[in-house]
Amino acid sequence: MGLDFTVVPGFMDIILLGALWTVAITVASAVLSFFGGIFFAVIALYTHWTVRLPFKAFEWLFMGTPLLLQLFLIYFGLVQIGIDLPAFVAGVVGLGLHFAVYNSELIQTAIIAVDKGQMEAARTLGLSRGEALRKVVIPQAVRDVIPPIGNNMIALLKDSALVSVIGVSELTLSAQRVIGKTYRPFEFYLVAAAVYYVINLCMEWVQRRIERRIALSR
Amino acid sequence: MTEEKHFVEIRHAKKSFGTLEVLKDINLTVERGQIVGIIGSSGSGKSTLLRAINDLDPLSGGEVWLDGVQVNKSLPHRQYEKHINAMRQQVGMVFQHFNLFPHLTVRDNVTMAPKLLKGISNDEAETLAREQLEHVGMLEKIDAFPSQLSGGQKQRVAIARALAMKPKLMLFDEATSALDPELVEEVNQVMKKLAEEHMTMIIVTHEMDFAASVCDRVLFMEKGVVVEEGPPEVIFKNPEKQRTREFLRKHIEGAA
Amino acid sequence: DELADLKEEGVIRIAMSGAYPPFNFVNDQNEVVGFDPAIGKEIAKRMGLEAEIVTTAWDGIIGGLLANKYDAIVGSMSITEERDEVVDFVGPYYTTKRAIFTKPDSGITSIDQVEGVQVGVTLGETHEDWARDRGYKVRTYKGLPELLLELENGRVDVIVNDSIAAILAMKENGYEYTMIDDFETEVIGAGIAIREGNPELGAAMQEALDSMMEDGTYLEIANEWVGGDIR
Amino acid sequence: MDVDLMMRVYPFFLKAAWVTIQLSILTTILGLACGALGAAARLSRFAFLRFLGAAYVSVIRGTPALIQLFILYFGGPQIGIQLDAFEAGVIGLGVNIGAYMTETIRGSIIAIDKGQREAARTLGLSKVQAFRKVTLPQAFRLMIRPLGVNINALIKGTALVAAISVVELTYTAQRYIGSTYKPFEMFLLSGVLYMIIIYGTGRVITWLDRKARIV
Amino acid sequence: MTEEKHFVEIRHAKKSFGTLEVLKDINLTVERGQIVGIIGSSGSGKSTLLRAINDLDPLSGGEVWLDGVQVNKSLPHRQYEKHINAMRQQVGMVFQHFNLFPHLTVRDNVTMAPKLLKGISNDEAETLAREQLEHVGMLEKIDAFPSQLSGGQKQRVAIARALAMKPKLMLFDEATSALDPELVEEVNQVMKKLAEEHMTMIIVTHEMDFAASVCDRVLFMEKGVVVEEGPPEVIFKNPEKQRTREFLRKHIEGAA
């Protein structure tokens, strides 16, 4: 079967609107997952076991089950106990927490690897442990895991497609909708892939800039 | 609290790493405004002792008092944290390996703690940074990152960073090892000026000349015990103990 | 034409999602059964072929056909113009109607009341376009299970679906939803999709289908799985 | 909750879980190989290899895995690559996760202090020797848990192969959900199995991480 | 190759970091068996020069020759790699920051390179490690990891590690800054012994006494240029240049 892209322009508005949703979800969940990841890492490493153990269970839940299921439970499950989240919010919460747990894994490793002398130097200046973490240890830890955090952010971009299960009309869903109308799966999947790729290029560009900026600080 | 109030008092300090006893019953008092030097062979426990004053390497036994307050108090965690942060703000420390923050510029290395802990404004911080860096001749590198500095430059930033908190007590772990003679002289001047302003200092050093010229009192440590202490004239010219004499042989010969 | 190749192989591969009861679904033995496989197998038998059932996620089902991963889709695929442009249809082999369901206590009893309430549909089905064309407030979902769940949760007030599948699903699961009456709609035909450019294969399948409709086998199958004639 | 139903169908879930496990293991192996090669390329001194590595990461990581699977499985035959669904699944997912692993591995390598490499080179070790004996062992400690994250994502990602008609754990669940209208029961069954697989993998990762961190 | 063959020869060495000129036309020759000291103020380019001898920080301009072979040759990559590894095996280096391998024990830090590059057996490696560690008084820490060592101990392991490759030329960047006087004396002895065995050494140091006692020749660097060079008697007692005199003021006064 030959590819026929002449049908594409007529549907670009739907695709681009979907792309807008995808960007919105991705940005919001990426921010949540980044700060959530730091927060979780601190809980995992520095809190009393009474806090840590319940958190571990929570972490296992997110590590151990597919994102799809998590979104499903957040959207279809929570409403049954009276928490009715709009689909967009449910999507952002699900994606954000899921990747926060992933980021937390990365940041934990990096925190452990930061030279002990750094914490000591900060504590010696009179910084509390929290302040030392915030100002000295965590920035260095995050610096050391920029590439894998970049991984997670880009995985998040693609997984944002899953929020289509709860009816947010993001890029993949828009493409599927158009395919449902036109039955040109190859053309529109390729178009969607291209749009994803453009968003991905922007994210890579940001990552490269950050990496270049931190190169001096090693 | 002791009857006579010393500024720093260490009593029966003991410390082990596993089976290795690194500090064995160390006692030490320092008065306000004094400069005390600690000399001793490699691995004798000097760094460990210095770190204990800050409770960085908590002692296995013994007490550390600073200005009438016990530093290594056993307190519930939360209270201990508050307590130790307050104590540490009064104590500046320059590490043997400097431990500059690699992700911050020289400016931010110096101003981070005062900004955070004393809530000074950005302008005040800038003034403070320039003042402190000027002191150690590092003003021109204010925007550099630690990775761009030479060894001596790092050490000077570390000194500026510690002084920026205006501590009451300064601990130097081989403070001048990476400094050239001119800078040693400058740092020497800085120290003397600080001493006049009643800053108290404890200095671990291998440079006997330096110790002899700035210290009011010198301790000689060996294998976790203080072998001998006294004014530099005595320690360096005419030590009592055989072991001290041996350790300083070359120096004493040179001076004699 | 691929008919000759199939004859030579002796096997025809038939695709469906395996998740659309009563038309195709898995039983407790993890076998794919239902109206679609039964029809597919019968057609194969009449063509002198062995049928091999493939289940695949709906997203990729047409792609798989076009890429020659199987030879026909007997998976309750509605015949639409757009689809017809990419594949050829044999059939229809059954028809169904659009139906609207709501909770008995919702107070919605006629199609006019659907205007302005939340309408749940399955993403990409013809019902979605229909609902949008009529200007309803539409929410889309992955499939019938989610639709029923949302009706229960109260986030949608009505759902639009093929009548047969929905009725059977509700019966199976004890849901007591009401179907909106006197709702006139065109019938939807489900067809067997094959690759374009195979008139002989299409004709052979159509012939098999026609003959089973004539001799009563079709009715037998329909009675077994759906409980009535759905031609 | 329909426990009866669950009891009747769980053996099929077990079988499907085995497919998922096989997929996961093979994909991990292929992914690690691609990741190692990719990282080597990205850190190479040859601009061309660096470009290739960057392009691999960018393109593979930047487009949806599902579409890559479609292209490989459905488009492959048009250029003469005939793979069965399982093979296509392993190759597609392995090459995909390899792009992520490339970044993970590269990240932990560049986090190692430059002074370490210099010290080794000064002793006369070749680049390769310095890398193998000094940089890599230290980078290893940094990469285990992040690779664990990749593997975790990969295990869950194996569900994608349903779209190319491999019946693994998730699709088994979905077929049964479609067939029985019992989503919670079926998700519970598959969820528990995923949890077991992932928990097991997590234990291995934690064990490796502890071992590597003994120093 | 030069007409008269020097063991080490640096010609017109230049190096910049961005706009900062760190080395400006440095020339230096060292004969086999000589010990040359480099002194100078912090940031004057001493470490950079030392690193250039190994081509670790490649020069922006100029040549480095070792034993008749140019070190910083421009060669196709593969050949350069072979060439530079061969060169570096002949050159031992002790870094200002030691750069011990944290994942290896003291033993493995010392034996890794000889095992890998000279293919010595495990037994030979063990003997070698013990011998070298004995030399620097670190035998008892043979099984420790770097994180368990004091500053002076790390430095000594770094020295042992470099010596274990039996280099022809040793470069020390503040080799003795973290060593106590006794150890300085010991290392001094080691160096003298090495010199007798025709080891050539270039030593960056801030300890003028040390430089005066072990070096055959001393260079004084300032802002990337060699201000003055000569035998220690001249440099330390009676330097020609005003700048050298200033830099060494304290030291000269002390000696006078």
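Letters A, B, C, D and E mark the chains as written, and numbering starts fresh at 1 in each.
Here, contacts are C-beta pairs under 8 Å (C-beta built on N, C-alpha and C of every residue); 3 or more make two chains touch, one makes a residue touch a chain.
Note that the coordinates shown come from a computational prediction; the quantities given were computed from them, not determined experimentally.
Student: Can you list every chain that touches chain B and also touches chain C?
Tutor: A chain counts here if it touches both chain B and chain C, which gives A.
Student: When D-E is set beside A-C, which has more C-beta pairs in contact?
Tutor: If we tally the C-beta pairs in contact for D-E and A-C, the bigger total goes to D-E.
Student: Could you report, rounded to a multiple of 5°, the rotation needed to superpose chain B's C-alpha atoms on chain E?
Tutor: Rotation angle, to the nearest 5: 180 degrees.
Student: Need the most distant chain from chain B, centre defined as the mean of C-alpha atoms.
Tutor: Centre of mass proxy via C-alpha means gives C as farthest from chain B.
Student: Taking the mean of the CA coordinates per chain, how far is chain A from chain D in Å?
Tutor: One centre to the other, that is 18 Å.
Student: If you average the CA atoms of chain A and of chain B, how far apart do the two points sit, in angstrom?
Tutor: Roughly 45 Å, centre to centre.
Student: Need the CA-centroid distance for the pair chain A / chain E, whole Å please.
Tutor: 49
Student: Once you find the CA centre of chain C and the CA centre of chain D, what distance in Å lies between them?
Tutor: So the centre of chain C lies 36 Å away from the centre of chain D.
Student: Which chain D residues reach two or more other chains?
Tutor: 70, 75, 113, 141, 183 - these are the residues of chain D that touch more than one other chain.
Student: Among the residues of chain E, pick out those that touch two or more other chains and give their numbers.
Tutor: Within chain E, the residues that touch at least two other chains are 97, 147.
Student: What positions in chain C touch 2 or more of the other chains?
Tutor: Within chain C, residues 59, 63, 66, 146, 149 contact more than one other chain.
Student: Show me, using the given definition of touch, all chain pairs that touch one another.
Tutor: Once each pair is checked, the touching ones are A-B, A-C, A-D, B-E, C-D, D-E.
Student: Considering the complex alone, what residue numbers of chain A touch chain D?
Tutor: By the definition above, chain A touches chain D via 60, 63-69, 72, 102, 105-106, 108-110, 112-113, 144-148, 150-152, 154-155, 158, 161, 172, 185-186, 189-190, 192-193, 196-197, 200-201, 204, 218.
Student: Sort out for me which residues of chain C touch chain A in the complex.
Tutor: Interface residues on chain C, with respect to chain A: 59, 62-63, 66, 80, 82-83, 85-87, 123-125, 128-129, 139-142, 146, 149-150, 153-155, 196.
Student: Within the complex, which stretch of chain D touches chain A?
Tutor: My answer: residues 58-59, 61-65, 67, 70, 75, 100, 103-104, 106-107, 110-111, 113-114, 141-142, 144-146, 148-150, 152-153, 156, 159, 170, 183, 187, 191, 194-195, 198-199, 202, 209, 213.
Student: Could you pull out which chain A residues touch chain C in their complex?
Tutor: Residues 1, 76, 79-80, 84, 164-165, 167, 169, 173, 176-177, 179-186.
Student: Enumerate the contact residues on chain E facing chain D in the complex.
Tutor: Residues 54, 56, 77, 81, 85-86, 88-93, 95, 97, 99-103, 112-113, 116-117, 145, 147, 161-162, 165.
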